[in-house]
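Residue numbering begins at 1 within each chain, and the chains themselves are lettered A, B and C in the order written.
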Amino acid sequence: MINIFQNYGSQLWQGFWQTIICSIISLFFALIIGSGFAILETVPNKWTHLIARMYIELFRNIPLLVITMFFYVVIPMYFVKISGFAAGTIGLTIYSSAFIAETVRSGIQSVDVGQIEGARANGLTFWQTMVHIVLPQAFRYVLPPLGNQFINLVKNSSVLAFVAGFDLMYQGNVIASDSLQSMNAYLCVGLLYLVITLPLSYYMRYLERRTLKGGA
Amino acid sequence: MLDNLMQAYSFINMRFLLEGAWVTIQVSVISIAFSYLFGIILGILRYVNFKIISAALGFVIDIIRNLPLILIMFFTYFGLPQIGFKPTPFWAAIIALIIFESAMVAEIVRAGIQSIDPGQMEGARANGMTYWQALWFILLPQALTNMIPAIVSQFISLVKDTSLATIIVLPDLMNHAQIIYGQNTNYTIPMFIALAAMYFVVCYALSLLSKYLERRQRYQGKPANN
Amino acid sequence: MKVKQWRFGLLTTLLMLIMVVSGCGSRSLATKNILKEDQKTQAITWGVKADTRLFGLMDVKDNQIKGFEIDLAKALTKEMLGKNGQAKFIQVNSQTRMPLLKNGNIDAIIATMTITPEREKQVDFSRSYFDAGQAILVKNGSPIKNVADLNQKKATVLGVVGSNSVQTIKKFAPKAKLMQLSDYSQALTALKSGQGDALTTDNGILYGMAAENPGYSVVGGTFTKEPYGVAVNKNQTDFRNAVNVALTKIEKSGDYNRLLKKWFGHVKGFNYKEVQR
């Protein structure tokens, strides 16, 4: 294992950063898109509700790999050229946004209806109520589950390996077949994934405990 | 265009695709059954505070939960033979899924039991039940009903995640679709539509089932707690 | 605090366990004589490609793998075990074949695997059973006419994880960006999607792709020699010798040339007579 780190350090390092960069970009856009659809779902309008529901159900029920391969294979064949990294990141964003939308929606719905009515009665518009009253509370409530979504997102970023996205898993495959020590290479890759995900996961558990205590 | 669709969905291609779907279903069903069983057992063991076992188990479960599933598949496919067991891609995928999903389900079950009012345990004990009886007959059934949505959505993930096993050459739905469009590019879009549709039908059906169970449970009056 | 100590202790134990497992590998394999075992079971398990036209390709019609290597493996099996010998096939790709052989899932690899000095440190090879050479496949009308044209910063070359072609291309076109896919079918799909300017691997494989995709052609000829060998684990000298003997018999009887003609006789641009034996 040590010799893998010695001989392939730069590749592992590159993969490590690609994974982190891809995860952060995906998280950023998935949060925006996911919150957007969560709000659309709670808007009192049949059509927006339907659209949001369709988006969420569609992308929650199709494998991430299918979505990613679609962007890697089909889109460049007929529309525009996108790299493996981009295809993977887009796929990951869309897939995660559906889950984040579900999470944020449950957060929004957890906010006391009385507060919303109160804010509206005081002259705030729907959007003002959303931005100033509902979302801040909703996000505090859903922070731990959102954190878990982020951990999932980091793990799921390994699909980039299927589309030559130069992430950690891709480098792992390359190193495994180059060094002919597949188990050692994958163990190194596993350790590096844990370096990202384990601290996150413990932090989220800490937050969860704190919210539970604070809530009760 | 229509011609192309007809050719893409020819009897031969569809049969090949369905053969792949059948593998996906087999892998999913076996993995779901075992990870449900192991998940519950592990979840209970996590909840019950045996000092060493719970800490050790918690640590292992945390490691597994925080690794990408693809990596676990590599470990079962390439690693298990080093300790003398040589799985086919079919069993390597199943074992990897069971390991990964049991860990996920265990966490859900543990959280489920913990969310139940500790007063119930005390009550049951006061009424003469042993600790294990109270856990098994009072706490666990409630935890499981409360956790139906979380567990089912975990199993939906499992069905979707079977597609990752193409990386160890499991001849599943994904793999067979890739073989078909790999041999004829014109079939690419039809194959993606078929893939999306097939996975969607199975996963959406599961999520409807989850909602149905949830609703039934609500009508029957949620057994205690929240 | 106590919990943390436990965790630390566990982490170290786990790490040590990992070290032990990864260190010892499978020693038991070295002591086995695969040839004798296969003679007893009357079956040889070959690791073959299923995504490579002409060599080993999954037939959608009947779910069988078909190709030159499949036929050759069947012929070798018959020579090695006698008439009742069964050839079993396990799908591999360039990435999985080495671990599967080392782990003993398969007895031998017959999967477009070039004999190279690096690989010979890990496995033993039979005599070469096919003489290929590395080349590139491009879209018709591409400005890239040979491997030298690829040696520029803007160019992207597609290859397959675990093939030695990806190592070689780094020497011939060091400036080009290299992307490695998991198997040939994925790499070809990526080329068709415009993810790369050229796909590089051995000419035999590329001709198989070009035959099925008229919009693509092999250009620039070969720039390396790639002799394919049957790979077996170290210490399986009996098995390797048996493969060599069987291969010689097949070559002498003319079966080899018949198989060659069956699979490569109609391939445009590929003169199968040059590699006849």
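In this text, a contact is a pair of C-beta atoms (placed from the backbone, for glycine too) under 8 Å apart; a residue touches a chain by one contact, two chains touch by 3 or more.
Bear in mind the structure is a predicted one, so any value in this text is a computation, not a measurement.
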item: Where chain B and chain C overlap in contact partners, by chain label; value: A
item: Chain pair with more C-beta contacts, A-B versus A-C; value: A-B
item: Centre distance in Å when chain B and chain C are each reduced to the mean of their C-alpha atoms; value: 34
item: Approximate Å spacing (C-alpha centroids) for the pair chain A, chain C; value: 37
item: Centre distance in Å when chain A and chain B are each reduced to the mean of their C-alpha atoms; value: 19
item: Residue list for chain B, restricted to those that touch at least two other chains; value: 63, 78-79, 82, 167, 178, 181, 185, 188
item: Chain C, residues touching no fewer than two other chains; value: 21-22, 99, 182, 186, 189, 192
item: Numbers and ranges of chain A residues touching at least 2 other chains; value: 73-74, 77, 161-162, 176, 182-183
item: Touch list for chain A against partner chain C, complex; value: 1, 72-74, 76-77, 81, 83-84, 161-164, 170, 173-174, 176-178, 180, 182-184, 187
item: Of all residues in chain A, those that touch chain B in their complex; value: 57-58, 60-66, 69-70, 73-74, 77-78, 151, 155-159, 161-162, 169, 172, 176, 182-183, 186, 189-190, 193-194, 197-198, 201-202
item: Residue ranges of chain C in contact with chain A within the complex; value: 18-19, 21-22, 94-95, 98-99, 119, 122, 158, 161-162, 167, 179-182, 186, 189-190, 192-195
item: Touching residues on chain B, where the partner in the complex is chain A; value: 62-63, 65-71, 74-75, 78-79, 82, 156, 160-161, 163-164, 166-167, 174, 178, 181, 185, 188-189, 192, 195-196, 199-200, 203-204, 207
item: Residues of chain B that touch chain C when the two form their complex; value: 12-13, 16, 19, 51-52, 55-56, 59-60, 63, 77-79, 81-84, 86, 88-89, 167-169, 171, 178-185, 188
